[in-house]
Structure formats: structure tokens, C-alpha cells
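In this document, chain identifiers A, B, C and D correspond to the written order of the chains, with residue numbering beginning at 1 in each.
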Amino acid sequence: MRIRVHVTPRRGVLDPQGQAVAHGLSNLGFSGLGEVRVGKVVDLELTSESDPEAALATARKMASQLLANEVVEDFSVEVLG
Amino acid sequence: MNPPAAFSADPRQGDPAITDQLIAEHGLTPDEYQKVLGILGRPPTWTELGVFSVMWSEHCSYKTSRRFLKTLPTEGERVLQGPGENAGVVDVGDGLGVCFKMESHNHPSFIEPYQGAATGVGGILRDVFTMNARPIALLNSLRFGTPEHPRTSYLVDGVVDGIAGYGNCMGIPTVGGEIDFNRCYNGNILVNAMAVGIVPADRIFRGIAAGPGNPVLYVGSRTGRDGIHGATMASDSFEEGGEGRRPTVQVGDPYTEKRLLEACMELMQQDAVIAIQDMGAAGLTSSSVEMAGRGGTGLVLHVDRIPRREPGMTPYECLLSESQERMLIVAAAGREHIVEEVFTKWDLEAVVVGEVTDDGCWRILEDGQTVAAIPVLALTDEAPNYDRPREKPADLKQRQTTPELSAHGDCAAVLERLLGSPGIADKRWVYRQYDHMVRLGTLERPGDADAAVLRLPGSKRMLAVCVDGNSVHVKLDPFGGAQGIIAEACRNLACTGAQAIGATDCLNFGNPERPDVMWEFEQAVLGLGEGLRQAHVPIVSGNVSFYNETGEQSIHPTPTIGMVGLIEAGVSPLGMALPSAGSLVLLGSPRPVLGGSAYARVIHDSEQGMPPQVYWSEELALHQLLREAAQRGLLLAAHDLSEGGLATSLAEMLISSRGKASGCQIQVPCPPSAEAVELSLFGETHGCAWVAVEDERRAELLALCQEMQCRATALGSIGGEGLRILDAQGSVVLDRSAESLRKAFEGGFAESIGLSPCPPRV
Amino acid sequence: MRFGIVTFPGSNCDQDAHHVVSHVLGHEARFIWHKETDLEDVDCVILPGGFSYGDYLRCGAIARFSPIMDAVVRFANEGGYVIGICNGFQVLTETGLLPGVLLRNQGLKFICEDTRLVVANGHSPWTVLCPETLVAPIAHAEGCYFASPEVIGQLEEQGRVIFRYASSRGEELAESNPNGSINNIAGIINEAGNVLGMMPHPERNSETALGDASGAAIFRSIIHSFEARA
Amino acid sequence: MRIRVHVTPRRGVLDPQGQAVAHGLSNLGFSGLGEVRVGKVVDLELTSESDPEAALATARKMASQLLANEVVEDFSVEVLG
């Protein structure tokens, strides 16, 4: 079962990478750009889980223990199929 | 050698048929293919065709350059290992050798600047630590297109980031380098990286596969499909649709390389390793072939045992993959468990994949079936060796015609433009991204001296290292310009107080099938050889990169040199920063010319005329004097005259004093015409350096100069406000505040390339 | 005093730290492999700089789960001295021995340069012998200290901000902040004061041969504090 | 209109970060873990686009010009609403 975990900077936390991307895009001539936030996506293959709920629960544990630092990051999990 | 017929191999099911087109796609000429048939006595299998293709590529076989490289001086009392091994080694006393090499990663860096540059650093590091040398420093030489070219800022940013990303993570300081910009690199940048390491002189490990029956181990990262045909690609020009070759880019993993480094260093403490070599270009193939070639042995590899990253890889792919962070080891029979233990400790794989044999055959088995069987010598010594046609370029006369340059009229404005031009400007934007302090050895940091100076662990002596190149000078006068590079490198070392003891080269040229390019190549190599012989410096390692061109545009001939020097114990290495007071003495006899100078290029957009020539006896007298004076503690600062001439060098010394010196004043003995003044201030010359000396010791210095037959002229003093230059009559020809010069110098790099500037120094 | 320097896979300032405490300062030191689990024989643990686990995912995030870290947490909770330098600081925040996180530098680039520190609290065990300002070589891409306003308030109130980036005259200016850290924070301690995390590398300026030796004051302070405590 | 861009390492391209994460998770005691791949997620606010198709087209342009390096990375775009 493949699970996707999104890890994104929390509201209110500085995101210099997002700012740099916004800046880079506007340098390239893109306009009408609001906020840009840059996060991580982790795709996991969970070979031993076949139940989606159980797989999501495992992924959530992985995210809160390692993949995200909840002081500054939020995470969400989804089944990729 | 056994008769070829003894080696048979079977095509695999699904192998493509060997057609003329397939042969051509592998870069083999019809003649070369005939040679393959003669060697094997049968058509090659697809796997074998791939192997011949990479081993006979320019990159691996040196088939064009070999006869010229032979003319370079490679011997000397200190040489412990000359060219031919993974890296060269020079004796530095105290039972230690310094091991170093430079290598290009031009094509990959143009396609993917971050990964190309990063894996270039990774590759050159492996070349050094594979010899049991602990890497202590990295340097690099970079060439980009014009600052305003739309891709330049992206490429500069990516290449610097990639070098930093790899070197910083490895914990090896990047201590020096050089960067220049020229439109000839718009479509083909150069990324040359150099690594320096320290090895116990009696424990240098080599890649000589000896002892039939000894096991061959594969260690490090797994093999993926990365960079297949990288070696042939490096031997190919960039065609306009060259982007189609993209999938060959390799990704570096410095974290794995760091563990590989530590594991190898730990393993080489023990008596388990007979031979070791990194997998660089042409990966498993070239490393195993070269080890067997040096040992005069054969080798059998079970390709099915190779650790892989992806399912379904063919022997062809496994053998030609250029996945990074891998090594091949020949262990002493019965001691392979030691290798396995050490690598397991570092979470790395070590797998026995074959053994050394005595039949001179390089044999590849897949599940017991022979898929390739080639005489080792056919892939090494018997590779093609070409004497390509050479012809003086038709426009050489015109290149060398002295340009008519009218005086600009405002010397201060000229100086600021030179200081702000990206080739000369402060490179802090670059080197602050490199960890240049880790390992606690950096005594002279980037930007502070003409060469980086390092502590030598295990010795009281110090090491000075630099890289140099000037492709405009070489373009205008290949023989003289190449000598100039040697002179400049030795001089940069001497300015810190060091004696040059060894060199490495990276020869970046255009298409060797063009007779004018070949002529430039020959002349440049002869010039390097002449310079090295004059300076008594051996070449112990190097690299050739041909086919640096896009469409019709060849790059300038760009040989770059990395040089290593020794500073004796007790000497304080010299930097270039002016002290707060003292006298300024110009050492040497300036013979300024404008041909190929930064002044001609930046102010007049001219790249024409004869560049400065080297007068070796004067040049060497200068170096000797600098060392002697440094040893006697006579000098407070030294900086050679190079790009931008006398005024630029002095301005750099003033700026790098960071306020310690408020200013300085010199009087230059030149006639009062504007042309003459600009020539003497900005013209370029070899054989000269500025030094600062305490007023009370000036006479002592001048006496020493006389004794050592080095011309010296006391031209001025430190103090006052800003930089003031007077002509022979005493009229002020240049007067600028230090602050204004500093601004031009510090802002110039990022500004001209359009990069975000770094904040001022604290 | 006996120092223990933890080597994680990817650590690269472990040798440097060892050199300074043993060869420059003349104390005992040993390397502790990250798979060890015992700290009985050491008086101060150094978590050195480098790129543990390649700094992949987040700096220090994977190293925090190395076997030795349970022992380090216990050691710290029992009052043992622990200093995390650069990557070591990141490991300490990931472990929770120190609050907050170290984010990507505001300018996004890795920076290797000498900065200046002002000692914001000269009474901690790590700073008793420190002069008012120090030279401070930094070398990091993720050194921007961040924590919630409450945590920052607490740190400030309790005097747990030990070092701040400053000008050469000791002024805490925005221009002297190299990475965007809140309140120019360069180093903090835990509540008990026995655990220090700092982004600059004091081992890089502990010898005059390298241009400046003011960083050695931090090691001298902890040696002094240890001997005073004993 | 908010757009999400995923940038992930191409198939076959080495993903050292993914390997390190997999290693870290197995150190933590998670088992049955297959391949792990780590990529970036960029959330963009496109203030001037109201047509989803046009917004996606713009985002695709942004991705291929700046956000992704197609030599080693693939990207995909979706509307976040």
C-alpha cells in the first residue's frame, strides 16, 4: 500500500524557501502571485499493511515521530493506492 | 597474451544485433570496429561493444592526448607516485606524502549544474582517498559564459551550490579556486575540481590487481542506471539538441561517500587490501580493467552479484553504469571478512563479486554464462592511439596583432571597473558557501592570500595550494600563455612563502578532430612542459577534457593547473593584506603589455595581441627571494601582479587589509602620457609582486634583493587616505578612497551576474 | 575532566572537537560511536558539528534516534554537561533537550564565515570565563533559531539565551544576524543550565594559529565549572 | 485559486534522502517498509486566475521553468480549491 505524507510549514512560521520561490517566479515574469509555501512530500510503500486505515495510522505515527517536526510543521496523510 | 580465440562469449537473449548503426552510436569508427574484430577473432557481444566503446573513448583511453602528455616532466626526487594511478603523490617529509589530482566535470555540470558539480567533487575525492590519503582540502577552477548571458546566473548558482553541498557534507574544506567568465563558455562551462590528501609515505595503496585467486569485492552504493555512457558523452560535443541526453545525469550522495571514506580509511589500516580503485567514468568496467591491466592479470566478475538499485538491469547496464560512491577492492584471499566487517559497521554493502585470474582475460559471467571475455591489454595498452592532424590556426596572426587601444583617461574609473569585473571582483559570494575552516587546518583562508595555506597534520611544515589558468593568454599564444600559467601558479605559492613541489593539470579543449584545436593543444602542452621543467615542478596527475564546444563554437584552450607547495616549519605564511604602516616595494622587472589583459577586455572589449611572456631566470629569482624573505620574517604582506596589473594588485592588498591600512601612495616611473600611464598601471606582466615591509627593514630587504639578483624598487608607502598613484613627474594620476574601491570590489561579483548579494562582512 | 565526543554517521567536526579538548586544552577525550549506549566514563558530552545522516529530511532528525541518544538524555537529565555544536544543537532541539528549532537560513545559502557573539548571560557554567564578546565562526545552512513567542519569552526571562550575534562592538544589530534567528539568538541553555546548544563552532577559534582563540573560553568555562562542582 | 505542485525524484534517479528516511524509520522500529521517496510540495496562490484550467497551465509553466529540474525530477499539478 502506498501512502503519501505531506509536511508543510505551519502558519506563522517563516518560510524563506517559499519567499525565494515567489521571488524567483516574479523574476521570471509571473504575476498575480499570492503566498507561496514550500513543504515536503514523502511517499512510503508499506508492504505489510493492506488495510488503508491501519496504513494511515502507521503513517501518522511515522510522521509525528520523524517526518514532521510539529513545532513548526503540520502534516497530513493520504492513501495513494 | 593468450590467443584471442581462447576467449569466447555468448550473446544474451534479447541483445540488439550488432549493426553499423549500433556501432556508430557507440562512437566507434569503422577502423576501430575492425580492430575489435581482429582482437576478438569474432564479432563482439552487445555487452562487449559497450565495453570497447567506453574503454576506447577519448575520456578513458587518452587516445588523442597520450603522445603529448608523455612530454610532460613527471619525475623528481619527491615524486612517490606519478601519473597513471588514481592520483599522484609527492613526498613532504616526516614520513608523509601529499596526494592530489584535478578532474573536469564540464558536460554534466552544464546539463545539471548542482549534481554535475557535486558528483565532480565526489569523484575527485574518491581518487584521493582510494590511495589511503585522508583528504584535507578541495579547490576548483570554474569557467562560465558572459555574466549577462541568460543561463550564467543559474549555472553559477547551481555549480557553487553543488560544490558546497558535496564538500561541506564530507567535512573537507574548500580552500581556494578561481573563476572567470568569457563568451566562449556560453554553451560549454568548465568545472574542474581538485582534491588534496595526506598519506603515510609507506602506506600508499594502489590499484594493481595481483595474486590470482584473490577475491574482488564491490563496496558502497548500489548500482542504478545512472550516467550510462557518461564517458562517451564526455567525449562528445554538445549538439544543439544535446538536451536529449539528459537521463545520463548522476545524483551524488555525499552522506554515503562520507561513510565510504571513513570505511576505506579504517580498512586500509589493516592488512586486508591488495588493491583498491574507485568506480569513476565507465564505472565497474574501467575500474576492473585498469586494475587488471596494471597487475598484468585477468579478472572474472559475476555480474549477477552486483548490488542493484533497480530490477531488470542487464550486464551492459551494470558494467557501464556511473552510479556514484562505489569502489572495487581486491582483498587478500581469506581476509574478505575484514572488508565486510568494516563496511557493515558503516552501514555499507561489501560483496564478493569475482576474483583475480592469471589468464589475462577480463571475463564477465551472468548466472554462469560468459557474456563478455576480452583480453585486458586490448582495452588498455592496445587501445587506439592517434596522431591527429595539427595546423596553426588561420587567424593566429590576427589574434596576436597588437590592438590599437586609446587611453580611457580616468584611471580611477578604470580601476573600479576592473575591480568590479566578475573575474577580478571579490569571490566572497562563492567561498562563504564553502566550509573552508573544517578540520582546523586553514591558516590562510580564501581571499586572504595568493594561495591557501594549510597545516600538515603530522608535520610542522605547511602546505600551500592554488589553481591557476588564463585561457585568454593561451588562446593568443598557446606556448607562451601555458608557460605563464606555470609561472603564475609557482608565484602564487611563493607569495605565501612556499616552494612548489608538484602539480596536477586539467586540459580543457575543443574538438581534437579540428587541426587548429589540436595545434593549440600541442603548443599548450609543450608550453606547460617547458614551464614545469624551468620551475623544476613535476606533474603527478591530471585529466584531459576534449570536445568542449557547442555547434561551431569551441572554447578557448583552457589548461588549468593545480599546484602544491611546501612552507618550512617556523615560517609565518604571508597574506596579501596591507599592514597599518610600512613601505611598498615592487619586486621584479615589470614588462607590462595589454594583449589579452583584463584592461583590454573589460574596458575596450578587445581580446587581441601578445600576452605577457615569462622570463624564467627573473621569475625564479623572484620566487626564491620571496621565500627567503619570508623565512627571515622580512615581509608583512605579498601579492603578485596578475590580472588587472600593478594598480589592481595594490588595490586588492589595500581592500583586504579591511581598514588596518587607511591608504597607500606610490609613484610609478612612467612618462606622463595617458597611454603610458594606463599601460604601466593596468598592463599585465609576469615576474613581479608587491611586498610590504617595515620601514626600518626596507634597506635589509633591498640588500637581500641585490644579493639574490631580484630587481626591487621601493615605490611608496602605506598611510594617508585611499589609494594615490603619482607619475614620474609627481602628478596625481589616480586618487580614490579605500571605501570606494572596496565597494566596487565587494559588490562586483553578485551585481554583474545578477545574483543576490551577500551582506557586508561583520 | 573527561570529554566524550559522539560520532554519528556523517559527523565531521568530531575530530576537531577532540583535538581542541585534548591537544589544545590538555584534557582526556574519547570518541563515542553512535551505537554505544553507555556514558559512565565521561563528564561532558560533545555533540559535534557535521551532517549526521546527511542532514536529510531535517538536520538532526534521524540522529536523534541513534542508540546513544537515550543515554545522552539520561545523562543530561541527571545534570551531566552536554554541548551541541551546530549539527549537535540541531540534534538537541530534535531530541527535546532544548526547545525550538533551527530553520533554513533566511538567505537560504550555507554560510561559512566569522561572526561575532555577545555573551548574553555570563553566569552560566558555559560562560563564566568568557569575555564580553567572542569571535564565532559559523558554518551552516540551517541555523535560524525559531520558537513560539511563549518559549522565546521564557528563554529571555530565565536568562537562557547565552549568545547572540552582534557587531564587533557588541551591538545586537539586524545586520549582524547572519541567518535570521529570532532575537539574534546563537546559543541557548536548558533550564538547569547543564545543556548548551550553539550554532557557531568554538572549536574553530580555540588556537591563535588559526587567527583567534576566544572560542576556547567556552571550553575553559565548562572545565572550570566542572572542577568547581567536584 | 490555490494550486499544489508536487516535485518528486524521477524513477530510476537516486534518492539519497528517501534512503536515509527509510533507514531512520527502520531504526525507529517500523518494519515492512518498501521504497521511500522524498520530494517537495509547493502551494501557490494564484490571485489573478479564476479558471482552473488556466491556473493549472500557469502552474505547469512555473514548475517546468523553476520549481522542478526535469533532468532529475518529475512534477504534477492539482487544484487545491
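As a convention for this text, a residue touches a chain if its C-beta (ideal position, glycine included) is under 8 Å from a C-beta of that chain, and two chains touch if they have at least 3 such contacts.
Only a predicted model underlies this, so the values are computations on that prediction, with no experimental measurement involved.
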Result of counting contacting C-beta pairs for B-D and B-C, higher pair: B-C
Centroid comparison with subunit B (C-alpha atoms), farthest chain: A
Subunit C-subunit D separation of Cα centroids, rounded to whole Å: 34
Subunit A-subunit B separation of Cα centroids, rounded to whole Å: 41
Overlap residues in subunit C, where contacts from two or more other chains coincide: 53-54, 56-57, 61-62, 65, 107
For subunit D, residues that touch 2 or more chains besides their own: 16, 20-21, 23-24, 28, 38
Multi-partner residues of subunit B (at least 2 other chains): 253, 255-256, 347
Arrangement of touching chains [line / ring / star / complete / other]: other
In contact (per the touch rule at the top): chain pairs: A-C, A-D, B-C, B-D, C-D
Subunit B-facing residues of subunit C, complex: 9-10, 12-13, 15-16, 19-20, 49-51, 53-56, 107, 109-116, 137, 139, 167-168, 175-176, 178, 201, 203-204, 207, 209-210
Touching residues on subunit B, where the partner in the complex is subunit C: 161, 164-165, 168-171, 253-256, 258-259, 346-347, 431-440, 442-443, 455, 756, 758-762
Residues on subunit D engaged by subunit A in the complex (per definition of touch): 6, 8, 18, 21, 24-25, 28, 30-49, 58, 61-62, 65-67
Residue ranges of subunit D in contact with subunit B within the complex: 9, 12-16, 19-20, 23, 69-72
Contacting residues of subunit C [partner subunit A, same complex]: 57-58, 61-62, 65, 94, 100-101, 103-108, 144, 146-148, 180
